[in-house]
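Take a look at these structures.
The same chain A turns up in both complexes below, where it pairs with chain B and then with chain C.
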Partner chain A sequence: MSRQIVLILLLGALFAVFTMSIIELEGLYNAFGKEYFLEYGQSDTGSNNLVTAILLDYRLFDSLFEAGILLIAVSGVIWISKHDIEEKNARFMIDKFKTPDLFITFSRLVYPLMLAFGFYVIINGHLSPGGGFQGGTIVATAILILYYIDADKETNIGLIVTVEKIVYLLIIVLASVSIVTRGTFFTNFFPLDATQDTKAIYLVLLNVLIGFKVALGLWTIFTAFLKEGR
Partner chain B sequence: MVNYITDLSLIDYTAYALQFLLIFIAVAIVVHKNNGTIIILIASFSLVTASLYVINNAPDVAIAEVAIGSAIIPLIYVISISRQREFIVLDKAMDDFIISDNQFTGIGYILLKRFSDFYHLELNITNDPLLCRLGEGKDQILCEQTNVDLIVSKDPASGEYILKGKASNILMNKLEQMTKDYDNIRVIKFKDRDFGE
Partner chain C sequence: MNPILTFLVVLIGFYGLSTSDNVIKSVFSVTIIESGVILLFLNLGNFEGGSVPILSEGVTQIVDPLPQALMITTIVIGSTVTALSLMLCIKVFHHYGTVEWKEVLSREDVKS
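Now for the complex of A and B:
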């Protein structure tokens, strides 16, 4: 009984602190950042999509670690699902798992469209909603559908992970080029007064690399899941 | 101007309706028992959330939510659940306990069939020669590293049949209960080891 009372009191205290912090936030709130990005965002970064402008230019340092988190997550999944014995899973007397024919036919129709839409979202990341992460996820889903079409598809996980790591290094290198041309880390390597189209080259390059990396990372996670029961 | 205000309130009403729908779906996910239905409900939850993001002027987040929440997560769940539907038994005993006269009529088979029907699992019996050749000491490693759920073997000294499985598998407790009445069947549960041990 006393434990429950203490618990209720603690919850009440937590709720009070939470409410107070919201009241504090109300006083701290101002539109300075929003107005700054609206006014200078497009000319500073060359991106029509302000989310991409913040993600790939103003706060690129944060984005690099976000991409790193996915790399660490992939390593964790591979480590947990690692098997020491090669060819270890049993061949069954009765194998009943079969994908429906309708699903396979439909997947063959949808697969190229999904791939094209994924690349569209990646490449147009600086013009329309979307970007490397979202487009990479769509491409990864398209690749996953391939496994439903052909269940016996073999994948070399080691190669995919190696390419993913190299791409991550390339992202860091591309983000650091600006130290040579502009004198600051983690920003666009074209000068500040370049035209919007010139600056877009950097954004497209970085979006493609991030999309590539995300697609490879999610592909590895799928393969780990698929191999688990085969 | 009037038209603009009515348009705005319509969006507000839509947002309220979607939020109620969200609570409804969330409760349904918790209440439902069928795994397939739950996957569809999770996917629809993400779709409703994504439309709420669009209403709140965040299309970037909405695309990520649709791609991850209603495509990747349901597909991963489908893979995991299709793997979980089977109960895989490795038959090392190789006598009439499970297969007699090339037919599944042994007493062990009837027992395991009743057990897997109880949990709506598909019974899958294998006698893969590669795995059967491994020694007794390798049984625990076999259970941990492959998708075999249960190993059936015979004790040559006492003639008892031994069913081995992981202790973390809650189905093993039920199996132990069911085989309590049989004198010639013994259940052994492997303790789980930590990673890297």
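Now for the complex of A and C:
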């Protein structure tokens, strides 16, 4: 009991420190960045969606490492779970006879719709809310439903991870093409005065590659979880 | 939303992290802390009446797109960290047969 009281006192002290420092937070923030993006964002990058403009053009360096961290986490998950798979020869967690028939039937109906919606979100990433990361997650969720439809499905994790690494290399190569055409790293490889539709080709290509990579990475993660059995 | 409320979410996560005995609950607490940080950042550029940062005809007042772009990174990294921690929880369960911190630490072969 006394430990809880001490804990609550400590949390209260943290709260007081934050409340005192929050007054300066409003002064630290300024809207200059927002005004710049509003005025030049569309003509610079060719993207209506300003979040995509920042993610795939202004701050592409960040996004590259973001995708790289996903790859590292996938490698970690596989490395941690690897020994169990070989030792126990584990089966999938989903039991075909315990899953309700209604669930399986509706999974078959929903699966193509989810795939189509995922591809829509990926391809329209520069026009509407969404992009490679979000659409890739939707596609990966659709693939997760596939396991409910066919419980005996075998997945070759090694092949998926190899494809994912190749796609990640392709992303880096596509992001670096601008050193040849424009003279700077990690930006759109079309010249700055190209039309908006021309620049959108680069955005769609990069979005598709990132979406593909994220979908493969998440697919690997939950296949590793399913194979843990239990 | 007030920034102080977002910090309350972070404090709830801290409380859960320090009081929970279950490993999986600790992972959930880390996720709650992360949600508080995400809310704080999204709150920064937000204001009443601002529209989403997607340019179309007639849009003049938008919220700041920069914190939103940064928070995509946070969400992706948070999900991968959660996946890695949960896989470690599975390993702990396979090795010790329990996911309670105190039971694992009271075992003789564990040096705390």
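Points worth noting:
Quick note on the criterion: the second predicted complex is superposed on the first by the 196 of 230 C-alpha atoms of A that agree within 3 Å, B and C clash if a C-alpha of one lies under 4 Å from a C-alpha of the other, contacts with A are read in each partner's own complex, and residues count from 1 in each chain.
One rule holds for everything that comes next: contacts are C-beta pairs under 8 Å (C-beta built on N, C-alpha and C of every residue); 3 or more make two chains touch, one makes a residue touch a chain.
Computed from a predicted structure; not experimentally measured.
Look at A:Ile104: by the touch rule set out above, it reaches neither chain B nor chain C. Once the two complexes are overlaid on the shared chain, A:Leu11 sits against chain C while remaining clear of chain B.
In the superposed pair of complexes, A:Pro129 makes contact with chain B and with chain C alike. By the touch criterion defined above, A:Val204 lies against neither chain B nor chain C after alignment on the C-alpha atoms of chain A.
Partner contacting the larger number of chain A residues, of chain B and chain C: C.
Contact with chain B, but none with chain C, is seen for A:Leu226 once the two complexes are overlaid on the shared chain. In the superposition on chain A, A:Thr19 makes contact with chain C only, not with chain B.
Contact with chain B, but none with chain C, is seen for A:Ile138 once the two complexes are overlaid on the shared chain.
By the touch criterion defined above, A:Gln42 lies against chain C but remains apart from chain B after alignment on the C-alpha atoms of chain A. When both complexes are overlaid on chain A, the residue A:Ile54 reaches chain C alone and has no touch with chain B. Chain A uses residues 49, 51, 80, 84, 129, 131, 133, 221, 225, 228 to touch chain B in one structure and chain C in the other. On the chain A side of its complex with chain C, the touching residues are 4, 7-8, 11, 14-15, 18-19, 22, 25, 29, 31, 33-34, 37-38, 41-42, 48-51, 53-55, 59, 62-63, 66, 69-70, 73-74, 76-77, 80-81, 84, 127-129, 131, 133, 214, 221, 224-225, 228, 230.
Listed in rising order, the residues of chain B touching chain A in the complex are 59-60, 62-64, 67-68, 71-72, 75-76, 79-80, 82-83, 88, 90, 122, 124-128, 130-131, 141, 145-148, 195. Those residues of chain A lying in contact with chain B across their complex are 49, 51, 80, 83-85, 87-94, 96-97, 121, 129-131, 133-134, 137-138, 140-141, 144, 218, 221-222, 225-226, 228-229. Chain C contributes residues 3-4, 7-8, 11, 14-15, 18-19, 44-45, 52-56, 62-66, 68-70, 72-73, 76-77, 80-81, 83-84, 86-88, 90-91, 94 to its touches with chain A in the complex.
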